[in-house]
Structure formats: structure tokens, C-alpha cells
Amino acid sequence: MKDNFLKGFFKENPLFTMLLGCCPALAVTTTVENAIGMTLAFTFVVVLSNLFISLININEKIKELIQPVRIAVYIVIIATLVTVVEMLMEAYFPSLYSSLGVFISLITVNCIVLGRAEAYASKNKPLNSIVDGLSMGLGYGMAIIMIAFLREVLGAGSITIWGSAKLSLIPVFNFLRIEPISFFVSSPGAFLVLGLILGVIQAINNKKVLKNKNKRQSKKEVK
Amino acid sequence: MNMAQVITILISTIFIENIILSQFLGICSFLGVSKKRSSAIGMSISVLVVIILATLVTWLLYNYVLVVFDLVYLKTIIFILVIASLVQIIEIIIKKFAPSLYKSLGIYLPLITTNCAILGIALKTVNYGYGFGTMLLYAIGSGIGYFVVMYIFSVIREELEQRNLPKAMKGIPIALVVASILAILFSRYVGIAPKVEDEEEALRETYVIENDIVEDENIIYYDHNYEDLNI
Amino acid sequence: MKKRPMPEVHIEGFKEMSINGKTLEYLSPKSVFLPTNFPSELSVLVKPGVRVLMGQKIMIKEGRFGYPILSPISGTVKETIRKWHPSNKMIPMIEIENDFKEELVDTFKNLNPEKMTKDDLVNVMKDSGLLGMGGAGFPTYAKYETDKPVDQVIINLAECEPFITCDYTYVLNYPNELIFGLKYMIKASNAKSGVIALKNKEINNKLIDILMPLLENNMSLFLLNDVYPAGWERYVIEKVTGKSYGVLPIEAGVIVNNATTAITFGRLLKEGLVPSCKYMTVTGDAMSECGNVLMKFGTSVHELLDLFNNVKEDVDKEKTLMICGGPMTGNAMFSGDFVTTPTLGSVIALRQEQYIGRRYPHCLGCGTCAKHCPVNLSPYQIRRTLRSGDVDELIALGITKCIQCGQCSYVCPSHVELTSDMLIARDLVRKMKR
Amino acid sequence: MEKYLVIKGPYLRSADITKRNTSTIMRDVLIALLPSIAFAIYKNVVLVLINGIYSSIYHAIYPIITLILAPLTSLICEAISLWVMKKRGIKTFKDLVEELKVSYGIFPGLFIVLISPTYIPLWVLLVSVAVGEVVGKMLFGGFGQNIFNPALVGRAFMAFTFSSHLGDAYLTSYELTIDAYSAATPLTSYAKAGAASIDIVNNYGGMFNLLIGNYPGALGETSTIAILIGAIYLIIKDVIDWRIPVVYLGTMFFITMIIGFIMGQGLWFPLFQILTGGVAFGAVFMATEPVTSPKTHLGRIMYALLLGELTVLFRLVGNMPEGVATSIVTMNIVGLMINKYVTKLRVEDKLTKKNCYGLVIFLVFFVLLFVYDVVMGVK
């Protein structure tokens, strides 16, 4: 259970290792606030969709019945959940809703949700599926909040969550006599930040692979 | 709508507010399929066709069915179903009447259903309440913008394949860096379109400001805090 | 669209080194070595222990364009051993121990070329195993066994590779034999005229002075520009006749032969000397002395180097190149202990101390190689495409046309090893095509 | 048994024999830049000091500081990225120094400072240099591997991010006192003016002064004469192909001449367009960069033709002062396609029905852009 929960953060992080859900990761990461909102909405959808889909698949008869049209069924379930989220957000967080814009609706076609439904939830028990959804949602959330943090700090100089500044680096910028570089909150900045983060991850992976290779080689030599 | 407006909307959607580089729609296919020129062309032609048809159908459905019956809140579900069935129908038609085309495009069509570019453009046109003409131009411009970026990108990635890249940057990371440079470049094309003053154009302008999450808001943030600290 | 003229690049010759050196004859080696599977498997006719005469058939290459290989000396056949070959491989070779008697076979004695017909002359070429000594080692008679009309016979005396002066020396010492050979080559091909093509440079003035009075009325000299690759068959034909052709020179009505081949043919007809010797250049800044030596095919290079007091003593051998062939197309040998072949023109020892461990820039794609390529390829692009391994793209870039002249590496300002990449690409394409 | 060195042939290199290798080529580029740098120092430092109008000595010698710090930053960034990436077997500090000798790290920084406004804040300049160097060059694998011109990537980044800092950074403190300079540079004046008139040229001291370069502008871009001297040196030394600058400037001249005639203006209009805004600098030093420009004569001509049209487009239609930079980066991409096409054309060596598609597409684009330029460029 613990492994199941932790996998989404590092080992199978949907954004960093599988490059799923790039669109929102680039679009809504201008501020940490948006990223947190996106995380909540996304986690809600992925957990519930995992739950419902695993519930459907418990019954063998239903499973066989919907087999040919299962993707359509999954999409309808997900779209319904997204609509629910949309309505909730519009009612309770109107400003967040407007700044996230169309990307809330686009959770429907996010590959992660459909991918988990097909690859995990349809084959596992409801409880496991919920944990899996939580893991994926929060792992993805962690990734986009990380990106948003970098972009907002460099681009705006301060992190603002729900109206009040929680963290401000403006004195540091002032001391250095420079200004925040608004490039990082613009769209080219999004590509560059994600590209560099992925580059660093790839470099770490390469090193690991190299180390494993060396280990294997030295083991062979010992033998 | 005159010629100048048409050119303005097209240039603006193709370059300045490019569907991929500025609106972040369709990134998955953009990164996944742009490795070879032939596949990039196949994918983007399919997207071009589907995006126009889907936007047209969903716009009509929204304005003449959903609005009339007050079912606007169902738009996400309805739209995704419409797009999925549209893709199915196109696939069947192509398969029957142009098998050779089906061979080259067939593998990309199923991917399109989950391509957020289609749903994104369909939702955007209704969210911002475009008229029929603007909607059509917007869809065409977005499709061509997708095509242009995919083509340029596949050319660059084929070229990158032959360069001596650092190991860490190979593949997706360097592609994103190139995308960043392209995004800077395309944003510099501001102003090459003819200048028009019109109601519909004004509508677009408001939309641009609303959606441009980029600078304005954050400059305000920054100034605000800056003053605070100086006091 | 007009055909693009070939790019003409002058490259530094370094020919004075060996011309000013000594000219020797070394026709009695202790033993000679003949490879048994180069260029392809040969059938051996003699057994170990048998005595052979000079000019006796030792091996036969069978199949299309087959030819015999004659013994260059008289002596006793020994066991087959493995020795280094100029292609940088260890190859099994037949050793023939010299008995210093120089006994010739009867076959070619008392030939009367005046009375011989075209077919007779071609048969002599075939029986004597006369090979083109320019580089490819293609049997000469194959060029003459044609039904197509031949306009001209061109003697290629360009020697475009730097350092090499073996043809120059041979012609200088045997001008009459060259003209004699050319005369009967014209006869063997029913051609109208013969042309001797040589480079327009200062050292050739001496040759021109010697050859001019000897020319017969259907022969002429042609001066080529001092460029690389001026000795390339296609270039010579294009310059001399103005014609271009598809695959074989005969399509343009031309036969091209190397000068050494012509002299060997001349000596065969005149003196009955079977093709067994040629001049070889020994030069390079790591050699104690430079010069040319008339040697038998199959002589061990060690013996020849000793004639020139070997490699300088202060030279660090691990930082020295032992190049067999020209510096542009030749091979760097792992050891100096290899044997000569009919196509080997030179052995060059070059010091490399100053270049070892230097760091060169990346290829920056400046296009200099493409500008200088004689067949209009783009080597930098081929090198890059090779990295992505796209065979179709390589074919589209025309890699199969590459002639391995080495020009691209030579002109590269960044010391990129383009020629070897081109070779790898060509081999890759050939492998994939099969 | 003795062992000789075995390496791959050929064993002679013209780079060793004639001493003309990549390093000397880069040195030639540096020499060609000297007149421009000298003039920049004369105009922005010496003249200011002579006239005695400056707030502080730091402000007066600021151009020199930027000219030193920008290449230095670029070199340091190069060293750090080489060390981090460990490319080409760099293990010790000595390797790094050797590698830096052949990776020419100062050039992106030098070019960026020469095409940037003179009094741009130091941190803005250095951040742009770092971005140009690292993102434009090192992430692609270093010298010779880049797709875009690193200096122009840095410049485009600067224009995109710090647009608010650029506007008034062009004027020296001496020039600030001259009323005739209604806007910063001649080009921005033209963009602001309602209609084209020769007054713009006269405000900046006449056509001859534009040629000399004593008017507000980027550090190295103003003096066309100095750039021309460098260009002639480079062409004589066979470092650049004359086709690109000549065709580029010719295309620009031709199109702006037509636009000028339509607007009822004389020959001053095309000359004004060519002499201002760094066109000459871009044509000589940026568009001819060997890494990113096509390699065959036909390709270079196609490249330069489109480049000229695009520059007119961004200049006259888009009203962008840095139109040259944008058009060259755009052509870096189009140049890839052109180069791919002409390389194959060169191998086949004749134009057939099958391989003329590229020329047809090129012509269609050329005509379309030409018409668009002329129609939209008229004020």
C-alpha cells in the first residue's frame, strides 16, 4: 500500500517519467495558486474516476458487456466528473476558475486519467484504485507545483496564494539591483523551464544507468 | 468581414497566439509525433481536418441546441462525445473511399480523440462567444498554426538527431528548449498583420488580454510589492 | 542546367624531396612474397619445394577478368606464410626464395611486335598478367578486349598524390620504353591517337623536354592543371577529350593507362621482361634519405627501407606514420614489415609528434568540404546523417558516388575525419542494399 | 616488433600546411569586428568625454565595461556548461582550457553586446548573454551544433523579456541633449512618424552621417563604413560568401525602392532603410554565420532573398526596430529546409520535374511575401 501510494511521486511520476499531461503543466503553472487549484481538481477527478471504473469492472458480466465500448464509457464517466468539478469551482472559487480557463474542462482528455483507468483501475480493487488515483494526482500535483514555484519565484519575485503574499524575494532582488525576469511566467519560459527540468532528470537517470552498468561489469569481473 | 480582418485573424492564430506555442494545446501529440517529418505531416493534416469539422459541428450544436434547451453545463460531455463520433465517422469514410490515405493517416486518427487541441478550440470558440465567421477562421487558423509548428518542429528535430547533443538534452528536453525559442520568435511577429478596427476584432482583443496570463498581471504584482517594501 | 565544373584545388606536392634524393635499383631481393587471397581467392599452381623461373605462372585468378600471376624472380617455392599486406591485413602469402639467376621463361622471348595483330597484342597482355599500376590493379587486357571504337589512348602521368614520384622517375629513366609501349597500346586498341597527360608544373619541364623529340606523329602531350585529384580517370578524360561518361571510360571512346603500365608493356615487347618490377618512392620527413627504387613486386619493405638508411633514429615510432600508398588515399601501417605489390607506389614515413593530443573544434558545417568535393557530395551532411543512421537519406545524398579521394578531410579547417566517415557510410549502404 | 601510429587517413591537412584553420577563421572574424568596435568606442566614449556631458565617469565609460564584461560572461558560461556536461572527454582543468580554445566562447557575448542598446542595464545584458550562450549554444552541444544563431537567441530573449528597458537605452548622454532626436533611433522615429519624409534623415545629420554612423543606435551597428571595411576583409580572406550580404542588401534595396516610389519618395528611402537599424551588421556578421546558413551558392541566394523580404516585412509592416534579428532567426529555420533541398539538388546535378518542387514552393513564397511587403509597407 505504501509503495502503491509513493510510486506516483518519483518512480512513475506521470509528468516527469511518462510526459503525460504536459498541456496543463505548461499552461497553469504561472502561479503556485493556479497549480494548487489544478492539483485539487485533477486529484478529485482521477480518484473518483478510478473508483467508479474499478467498481464497474468488479462485476464480470458488466465488464464483458462494456468491453467493446469501454473507452467511450470511461470518457463519459470522466467528462461527467469534470463537469461536476467545473460547477463546484465556478461556484466556490470563481477567480481560480476563470484563471484556469479551459484547462479544467480539458482534464477530460488528459491522458493520465484515461491511462490510469485503462491500465490500473480496470484491473484492480476499488481501494487500491483510490490509492493509485491519489498517488497519481498528488504526484502530478507535486510536479506542477514545483514548476510553478520556480516560474513564479524567478518571474514575479514572490509567491502569492489567495491574495496575500506568503513568500517574497523582492528584497533579495532589490539587494542585487535586479528585477524578476518576467520571461519565466511567459509561454516561452514555460517550455524552457520544463525542458531544463526534464534535462536534469534525464542526466540523473543517465548517471544511474551508468552506475548500474559499472556495478554489473565489476560483478562480472569478480565472478 | 473584409480581407484585412481575415488576414489579421489568420496571422494572429497561426503565429502570435499559436495553438501549441502560446495556448499550450496539443502538447502531447506535438512532442510525441514530431520526430519524423512524414508522421508530423500526417498527424497535422488529420488535426487540421478534424479541428475544422469538430469546431463547426460543436459550435452549431452549442448555439442551436444546447443554448436553446438550456443545457449549457453539459457542453464538455456533449463535445467530447461529438468529437469521438466524428473521428470514428471520418475514419470509416476515409477507409472506404481512400484506402491509401487511410494507410498513411489511419494510425493518427484514433489519437486525435484525446488530443486536447480539438476539444480546447471547440470549447474556446463557444466560451468566448464567437460569431460564425470568426469561429471558422479561428478553427482554420489554429489548424494551420498546428501544421506550421509541427512541420517546422519535425524539420528541426530531424536536424537535431544529427547534431552532437549533450546526452542529458537528447529527445524531449531539447525539443522543449527549441519550442521555447520558437515561442519567443513567433511572439515577435506581432504587428505584421494589417491593423483593423472592428467590433469582432475588439472582441478578440479582450479575449487576448484575458487569456494572456503572462505579463500584465505579474507586473502589477511586482509593482505592488515593490512599493510596499519601499514604504 | 549546365553541368557543374569540377572544383579544382591545388594541394602542396612535396615532390622535390624524393626527386632530389637518390635513385636506386634493387632487383635481387632475398625472397619475394605473393598474396594468395588478394583481391579475392586465387588458385595456386605450384607446390612448395618446386623451382620456378621468372615469368612462370604461380597463381591464377579465375572468373571474369581473370589473369595469371607470374613469378617476378627465379627461385624455389617455400611454405605459405602470413605477412602484412598494404591493405593493413595479415594475409597468407607464397614465399619464393631467390636463386639470383634471373632465368626468364621462354614465352615472351623474341616477340616481334611489328608483325603482331591487335588480338595478338591483347593476348600478350593477358598472358603476362599485366595489371594497371595506378592503384586499382585492374587487368589491362580487359580494357582492350572491347568491340566499341576507341578514339584515344591516354597515358596518365598526372601523379596527383603528394610525395609520390615513382611514375616520374620511371619515365625519366625509360622514356623510349614509354613511347614504345604507347605505340603498341594504340595498335592494340585500333585507336587514332595517343595522349600523354601530365601536370603543368615546374618539375615536369624536364620530362617534357625528354619526351617531346620522341613523340611520333599520332602522339601528343597534354598539360593538366596542378590540382587534386588530377589523376582521377574521370578528370583526365574530361579535360583531354571534353567528354563525360557513365560507368566505363570506353563509353567516351577512351582507354586510360598508367605510365608505369605503359613502360612495363613496352619493356615486355622490347626486352621480353615480364611485368615484375616498378619504381617505388620512399620518402617522408621521418626517413633518413629519400628517393626512388626500382624493385621487384613482393619485396619486403624492410629491405627497401634499409637501402635508404631506414627511419631516422631520433624518431619515436609510436608517433610516426608509416603510410603505404599516397598520403591522401593510403593506409597507415601498423608495422614496417609488409610486402610490396604491383599497385604500391610509395612508402612514406611522416612525423606526427606535433599533432598528437591536439584538440580540434567540432564540425561546424561550414561547407568547405562540399565546395571542394569532386563529385558534388556534401560530406558534412553525410557525416551528420550517418549519426542518425538513415540509410535512405544517405543514398539520397549520393554516398554511392564517393570516390574516396580524401579531399574533404584535406580541406576541412577543423580536422574532421570526413573521409573515414564517408567510407563507413558507403559500407553501411552497401551492406543494407544487399 | 616495431609499432607505428595507426590513424585514419588522409594524412595531409591543408589546415596544417597552409595554417588556415577554424581558429584563424575565427580570428579573422574578430579582426573584421575591430573597426566597428573602435568606432563604437569613439562615438560612445570619446565623443562623450570630449563634449564633457556625463553624469559620472562610470556612465561615460559604460560602453567599454559592457564590451569587456559581456564576452567574459559568455566565456565563463561556456566553461561552466562544458564542465557540467563533461562533453568530449573533459576530465581535468587542462582539458577544459584546451577545449575552450577551440569552442570560441566569447563570440556570442561579443555579438550580443554589439547589437544591443548602448546603455542597457548591466544585469539585463549579462542575463541575455547567459541565455544566448547556454540556451542558444551549449544546450545544443556547443560550437557548430547550434540550430539558431546564439547571439540572436540572446538578443531575441532580451527584446522579448526586457522590452521596457530597451526604449531609451540607445542614446548617449551627449546625444540626449540634442533636440532633433525626437525618438531614440532613426527607425523608431520612422515608425512613429505619420508619413515618410526626408526630414527623418535630416534630423540625424543627413545621409552621409548615417553612413559614418554618428547617430543613436546599438553599439556596433551604427557605422556602415566600419562594417563595410570588415566585410571586405572577410570576403578577401574567404571567410564569408559575398553572395549573402550582397543579395540580402540588394533585395532590401529593391523592395524598399519600390515602396518608396509608390509613396512618392526618392532614393533616400531605400538608402535610409539599409543604413539604419543594423541591416549591414546583420548582413555581414549574422546572416553569413557558417553554422546556420545554407552551404551551396543556390541555397545561399535563396536564403538571402527571403531574408531581405522578411526584414522589410518586420521593419515596415511590423514596425519592429530589431526586425533584422527576428528575420535572421526565422531564416535559420527556413535555411534548414533550403539547405536540405539544395544539397540533394546538387547531388543530382540537374533540374527535373521530380526535384523542382522546392524551387516552385520557394517562388510562391517569394512572390507572396513580395506582394505583401509592397502592399502593407506603404504608409
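We just call them A, B, C and D in the order they show up, numbering each chain from 1.
Here is the rule we use: contacts are C-beta pairs under 8 Å (C-beta built on N, C-alpha and C of every residue); 3 or more make two chains touch, one makes a residue touch a chain.
As the structure is a computational prediction, the values presented were derived from the model and not from experiment.
Common neighbours of subunit A and subunit C, by the contact definition above: B, D. Of all chains, the one whose Cα centroid sits at the greatest distance from that of subunit D is C.
Subunit C has its Cα centroid 63 Å from the Cα centroid of subunit B. The geometric centre of subunit A is 42 Å away from that of subunit D, both derived from CA atoms.
For the pair subunit C and subunit D, the distance between C-alpha centroids works out to 49 Å. One inter-chain figure worth recording: subunit B and subunit D are separated by 32 Å, centre to centre, where each centre is the mean of the chain's CA atoms. Across the assembly, subunit D contributes residues 135, 139, 141-142, 145, 157, 160 that each touch 2 or more other chains.
Contact of a single residue of subunit C with at least two other chains is seen at positions 362.
Shown for subunit A are the residues that touch two or more other chains, namely 182, 186, 188, 192, 199. Contact between chains, per the stated criterion, is found for A-B, A-D, B-C, B-D, C-D. Residue ranges on subunit A touching subunit D, taken from their complex, read 176-178, 181-183, 186, 188, 192, 199.
Across the interface of their complex, subunit D is touched by residues 152, 155-156, 159-160, 163-166, 168-169, 174, 177-178, 180-182, 184-185, 187-192, 194 of subunit B.
Those residues of subunit C that touch subunit D in the shared complex are 1, 3-4, 11-12, 88, 162, 317-323, 327-337, 348, 350, 352, 355-356, 359-367, 370-371, 376-378, 380-381, 396-398, 401, 406, 409-415, 417, 419-420.
Remark: subunit B residues 21-28, 31-32, 73-74, 76-77, 80-81, 84, 113-116, 119-120, 123-124, 127, 167-177, 179-181, 183-184, 187, 211, 213-215, 218-219, 221-222, 225-226, 229 touch subunit A in the complex. The touching residues of subunit D, counted against subunit B in their complex, run 85, 87, 135-136, 138-142, 145, 147-148, 153, 156-157, 159-160, 313-314, 317-320, 322, 326, 329-330, 333, 336-337, 340, 376.
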